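Note sheet for the following structure.
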Amino acid sequence: MNFAMSLAVAAMAISLIASILSPLLGRYVHFQRLTISLLVALSGAFALTAGLIGLMASESEATIILPIGLPWLPMHLHLDVLSAFFMLTLGALLLPVGIYSAGYMKEAVEKNGSIQHLGIFLPLFTLGMQGVVLANDAYAFMVFWELMSISSYFLVSYEHDREENRRAGFLYLLMAHLAGLLILGAFAVLYAAGGAFTFDVMRSADLSSGMATFAFLLAAFGFGMKAGVVPLHVWLPDAHPVAPSNASALMSGIMLKVAIFGFMRITWDLIGLNNFSWWWGALVLAAGSSSALVGVLMALQQNDLKRLLAYSSSENVGIILIGLGLAMIFANLGHPVIAALAMIASLYHTINHALFKGLLFMGAGAVLHATGSRNMEKMGGLIHRMPITSALFLVGCMSISGLPPFNGFVSEWLTFQSALLTPPMENTMLSALIPFSASMLALAGALAAVCFVKAFGIVFQGRARSEMAEQAHEVDNWMKVGMVIPAIFCLLLGVFPTLFIPLIDGVPQMLIHSSLSASVHVTNWLWLTPVNAERASLSAPLMVLGMLLLIALIYWRLHGRGKGISRGPIWSCGYPHLSAQMQYTATGFSQPLRRIFSGVYRPEERKVIRYGFHPLIVKDIRYKVTVADLAYNKIYIPIANITRAITARVAYEHERGMHAYLTYIFVTILALLLWVVMA
Amino acid sequence: MNWFMFMLLSPLIGGIILAFVRHKKWASTINISFSGLTFVGSLGLALKVLEQGSYEALEGLFFLDSYNVIIVTLTAFVALTTAIFSGPYMRFEWRHRKLPERRLRLYHTMYQLFIFGMLLGFTTNNIGVMWIALELATLATVLLVSLYRTPGSIAAAWKYFMLAGMGIALAFFGTILIFFTSSSVLGHGNEALTWTLLFKHATELEPSVMMMAFAFLMVGYGTKIGLVPMHAWLPDAHAEGPTPVSAVLSGLLLNLALYILVRFKMLVDMATGTDKAGHIMIAFGILSLLVAALSLHNQRDIKRMFSFSSIEHMGLITVAFGIGTPLAIFAGLIHMTVHSLVKSGIFFTVGHAAQAMGSQNMDQIRGLIRHHPGIGWGLLIGTAAIAGFPPFGVFTSEFLLFSATLNSYPWLIFLLLTGLLIAFVGLFRFVQPMVFAEPPDHAVIIKANMLPVYIHFGLALFLGLYIPKFLADWYQQAATLISAASGGGV
Amino acid sequence: MTDAVIVWLLNLAQVALMVFTAPLITGIVRKLKARLQNRRGSSVLQPYRDLMKLFSKEVLLAENASWIFRSAPYIIFTATVLAVSVVPVILVNLPSSLIADVIAMAALLALARFWLALAGMDIGTGFGGMGASREMTFSAMAEPAMLMSVFVISLGAHSTNLSTMVEYALHLQHLLPSVAFALIAFLMVAVVENGRIPIDNPSTHLEVTMIHEAMILEYSGRHLALIEWASQIKLVLFITLISSLFFPWGMAESVAILPIISALTFWFGKIVFIIILLVIMETLLAKIRIFEVPDYLLTAYVLAFLGMLVHYILEVGV
Amino acid sequence: MMLESMLQETISVAAALMLLISFALLAQHRMLAVLHWFAAQGIVLALTTFLVAVLSDQKELYISAILTLLLKGALLPWLLWRIIRRMHVHREVETTVNLPVSMLIALGIVILSFYVAIPIERMSHNVTHNTLAIATATVFIGMLMMITRQKAITQVVGFLSIENALFFTAIGATQGMPMIVELGVAFDVLIAAIIFGLFFTHMRTTFESLDLNVIQEKIKR
């Protein structure tokens, strides 16, 4: 056990302690709140450090065996480069969210007088995620995985007074359970091949191609469900909004990543590169593209801020999967270097998304905290009352929209690069699919920008649309600090990718046995050249420098002799009373896209016009438009209906009275006897 | 002092004494003490087995091996905790005029007799006595189910009686068939019914008769296990009887029938040298799993719903034994243990919940967590445990079962997964509204005795995280023993 | 060492050239258009005068304008200038094109657009929101088509570096079919990106149809000047991109006086040519209905994608 | 050897009688006649036991014979008769499937039972396989009776006739189970009978009927 491993285990121990401590501190609520939050943050810090050290000293893998578990299978924990990277991701968000929680949970204390529920399950949730990442046998993996699922279920159903929240929780747990069962199935296949549950054995097991495919499909669907891949995503937009914001930040920011981790662990590590079939990558790529596009399209139509963010998580998981899919295709076709690039792109986006989605959810939490609502139509003008929050939220918006100089841009850039490096391939379908996916990525990225202009513009800009928004207030320092940390990371990762990429280079080294450093001469920290400078290069620091210089120049030139600024009323086209209700609404903002993609959305529009005494005199017009999730309506509802019909039939069989029951037994024994005699 | 006698006599004597005790408080104390004595007896036996492996007594009439020692201890333990639970519970029922004093006495007596029947069935070496013991336990529970004498409970008890009677008759026919073939090998006396001897000479038994016997035994004991389509008695019996009875029915009685069936399966496997018997069990198990899972959805009564969950789990265990590899049997044994613990714990909780809300109708039960956090969390944790969420032991066994299934019958895994998922949905869609939200106005504050519940769940949790060495050894030995019968250990 | 300094200086000069000729080119467009419409039109230098006037004017801000509204013009202008600075105009091997490749250039333009849209939303008027919504929507729809058409060339050039791409285009023996597809697609996209007829009319303030202008209604003084200037630069940027990527003839491959001068002339000639095309098109066509724009963009995308397929199937060979 | 063949003879005759009585039970219209035939079945059972005891010289079987006669030939039929008298049960037997059809099904069952018993023929050194087939058939016919009868009382008779058939199997096919089992089973049957009586009273008071369909309807409401 080396230092990194001990840190990682310590992180888990701290989470566990926090969860056990929570009920003991129930009497001193504020002390409890601070303790839990800061312990979570501390656990995050440990995880972050463990990840960093693990990545830097990639040679020294470490394993420890916990004396719990099955009699012949104690739990194995293990820190390799892959888990170190995900530990880093976990820690990078846990730390700020922990700090943020210290402020955020104040409200819960005031409302309920207790945070027992959160105090127990938030650290447990953390523990589950850390455990999954460190697990080195199928049993430990599943235990921590389900711990993560069920504790997050309790977080989702935290405000269980409301029917919709309970429904969301139920749907979430249902899907999580299904996902868990599928993953269990995948492990069972690997076990059947290898004969043991430890990953070491599974890794070296000989898989037939049928079994490998079976395991891959089970894992793909299981983890895809958890990661929110369209069309397996339906739990996600319901579950994330109703959880407390610190929990939804973690769920969206890192729980989805843990699913990505699991997928990588099973496909790349356990099944292994040698057993890939060519179409696996294509499947992942297609799933990624569809998630990216549908996710952002659905996000655009949401007026609930957290729901919007939830759908956008689906989109970003799609982007991550595009990278992974590309990596799988290239690795399978024998282009390890490009595969390594694609994998780095996807990993980069993984940590990026953790950071900015965490930031955005925390921002949404701050808004919720300040206004008491998630409905964007009731907000507006918060930038004047919550300047810090709005600035930080803007950073998140720009990052997620893939705009320089923030981190989202770098990872999307890398993904594009890997798609463009596609070598000539014999498979024409793949040749067409890859550029198509790239263009879908472009579309999704651009639509994300639309989406977040809407989110920021409607929530923070303009004028207040309601009383609540008018009386909003800035959040406290805990929450501010919680949001500042990921914002800084966003900027750093956006400006200095060259420092970060060598750090995560070990992951493709481990999984593809190829890395970027083998082919790239990293000249210095200034230039990011994935393959060589001839093909593509990017210097984010220089870009930022250029921008700063230019802005300074213009500012200096204009302000040196510029005229003053005066304020005046809003120009209203001559109309005297411009009320806040006349602003563009969130619904209105997304109307063009609703119209363009009406085939995807199938919006239900209802217009009610009330007339006066004459049809020309209109009293009022009500217009209502709802955009439902198509996957939910067209796939899930029919399945539910079929199940319901079957269950009704079965229930009827149980109400037929004694004679029928006796007949069942009678017929059974006769049939069984006949079978026994004949067979 | 012979531990067997000690363990078997204490419930018998207890039952007789309790028939005459009128004082309510004392009656429950005596009930608990005799159950405690029984448990001590079972522990003594377990220690003995730890010392010397398998163990026979009274001229081979009773015996313990690694297979039944686990279940005997478990039975005695659950019987004890149920007795502890039933004290305040039954007093509440009596105070709310659901039961006259006379019937409280009947309850205690029958409870002890039931335990006697159970332990007799588990420890006897004679397949005829096994049958008698099961019949005895059945008759005792018939009286217990009809304890309230409401129309529903009488109808349920009648149904239980008739269906179980039909089943048990078939089982007896199967036993006769076995005697028919074994008497030509082992002579005409008790030896031909002694399981250990039968097992020793199993290969000499006539395969075709054994197979036919197994068909009868399967349907017969299957009725008592609650396997579909012979299960119709089970939901009503659980729903209408007093809660402690539901707990022991689900937690113990079903185990006994399954235990006996598996004993016979071992014989049949040895005799026929095929795994036909295993296939039959798998078929019944899967059918039970699926039908019970689907049945969970259209329920109103909370105890009825959980009884369907018992059918589902019995189906699962049956599948495990049917597969018959050491791993599968290992999984089946753990599942049996943990299911008993968790399911009886759930029934305890449900009983209190029903008392607090004044109804067993699930539409009437709301907001348990707000109303009584102990009960609410108990129900939630119990449901999570029974649905197979780690780190509870149910998960462990399901995990192992999947692996075993995949080794032998890969295609089965789809059916298993589907069944478990449907069951989970059915269970949770009812449990969630019950524990969450606001409690209704008609809820009353009760003094719930949650200690047994948390002991059970705690044990299930413990088994999920860590299986002690001696226990693991027992499971392992039992698994080897049982699987060795089927075609040399697959 | 000195060579490098000279190249960098040339680079700077080129950027300055683009930035400062941008108003002129807009002036030429307007003049030509007026002539075609039988008007005299204002002088080609009028845009300079407009900018000067705006720069010297006082800024009038709405009461509730936030810091975003005030900083947006600077960021928009900067991002646009930065984007233009990586496009080879005269020199093929532009050193600054290493800083950002074509994807980064698109991202810089997206950054500008993002802030423009935010600025539109900032005051909270109907127009601003409408403009922001439409601008963002249509440019999002244009994004895949634009990247796809650029990718056709970068696939051929095996690079996204603009210099390398231009070099590749320069050495092409003949116009490849895939490049032809890409060219048409890119032309179509360029029209959308710059808000020209038939998508948007830069000179109208008609509420129902305007896109770009709706967002900047509230701007005045130097802020407005910066935004106007930025959009003029953007026009030049796109025209130059078309000329450099698809018709790179005459560009200077070495740093010497003669090639540079000839390259300059070529550049100006090509630009004027494209402008004439643009003006003719703007005069002949009417603005299309706003919800026909997606169909238009889809056509562009399909063309670009066809170009991609053609590239893979016909030109790469298996 | 002489005894052996006589034993076989006796058992064969008894088996035929048992089957006959089973059919007779199934064919009755009147409640009282059902009880008569049931008593007759008990007596045949007792007689068979006695003869087997004599012929195979097993002391225990004498006890068993006496027990059977008392319990199944007398006590149980009398108990049932008393219940019918006390509770004014309708005198007609009501069925869910009409009599000719149930007779046909019973015939089918007999055929099936013989088919099922074929494998046993291979091992058996004597005629027991016939006995076994008939015993199986009687068990099934008893079940059929439980299924096709409306009233709880007739169901009980069906149930008890299954018990009789089981006893007959034990005697006929294996010359009697060990004593401990015999006694245990007899004890169980006795308790069961008492419970029956108990239930009839309760059902009568709570449902005012012993008709199972009526009861089912009443619970549903």
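A, B, C and D label the chains in the order they appear, each numbered from 1.
As a working rule, a contact is a pair of C-beta atoms (placed from the backbone, for glycine too) under 8 Å apart; a residue touches a chain by one contact, two chains touch by 3 or more.
The structure presented is a predicted model; accordingly, all values stated were derived computationally and were not measured.
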| item | value |
| --- | --- |
| Chain pair, A-B or A-C, that carries the greater number of C-beta contacts | A-C |
| Chain whose average C-alpha position is farthest from subunit B's own | C |
| Inter-chain centre distance, subunit A versus subunit B - centres from mean C-alpha coordinates, in Å | 44 |
| Centroid distance [mean C-alpha coordinates] between subunit C and subunit B, Å | 77 |
| Subunit A-subunit C separation of Cα centroids, rounded to whole Å | 35 |
| Distance between the centres, which are taken as Cα means, of subunit D and subunit C, whole angstrom | 99 |
| Multi-chain contact sites of subunit D, meaning residues that touch two or more partners | 116, 119, 143, 146, 216 |
| Subunit A residues counted as touching two or more neighbouring chains | 658, 662, 665, 673, 677 |
| Sites on subunit B at which at least two other chains make contact | 158, 162, 166, 170, 212 |
| Chain-chain contacts as defined at top | A-B, A-C, A-D, B-D |
| Residue ranges of subunit C touching subunit A (in the complex, touch as defined) | 55-68, 74-75, 77-79, 81-82, 85, 98-101, 103-104, 107-108, 110-111, 113-114, 117-118, 120-130, 132-134, 136-148, 151, 154-155, 158-161, 164, 217-218, 221-222, 226, 290-291, 294, 301, 304-305, 308-309, 312-313, 316-318 |
| Complex contact set, residues of subunit D against subunit A | 96, 109, 112, 115-116, 118-119, 140, 143-144, 146-148, 212-213, 216, 220 |
| Of all residues in subunit B, those that touch subunit A in their complex | 158-159, 162-163, 166-167, 170, 211-212, 214-216, 218-219, 223, 229-230, 232-233, 235, 276, 280, 291, 294-295, 297-299, 369, 384, 387, 389-391, 395-396, 398-400, 402-403, 405-407, 410, 413, 417, 420-422, 424-426, 428-429, 432-433, 436-438, 464-467, 469, 472, 475-476 |
| Residues of subunit B that touch subunit D when the two form their complex | 126, 128-129, 131-132, 135-136, 139, 142-143, 146, 149-152, 154-155, 157-158, 161-162, 165-166, 169-170, 172-173, 176-177, 179-181, 183, 188-190, 192-193, 206, 208-209, 212 |
| Subunit D residues touching subunit B - in the complex, by the definition given at the top | 116, 119-120, 122-123, 128, 132, 136, 139, 142-143, 146, 152, 155, 159, 162-163, 166, 169-170, 173-175, 177-178, 180-181, 184-185, 187-188, 191-192, 195, 199, 202-203, 206-207, 215-216, 218-219 |
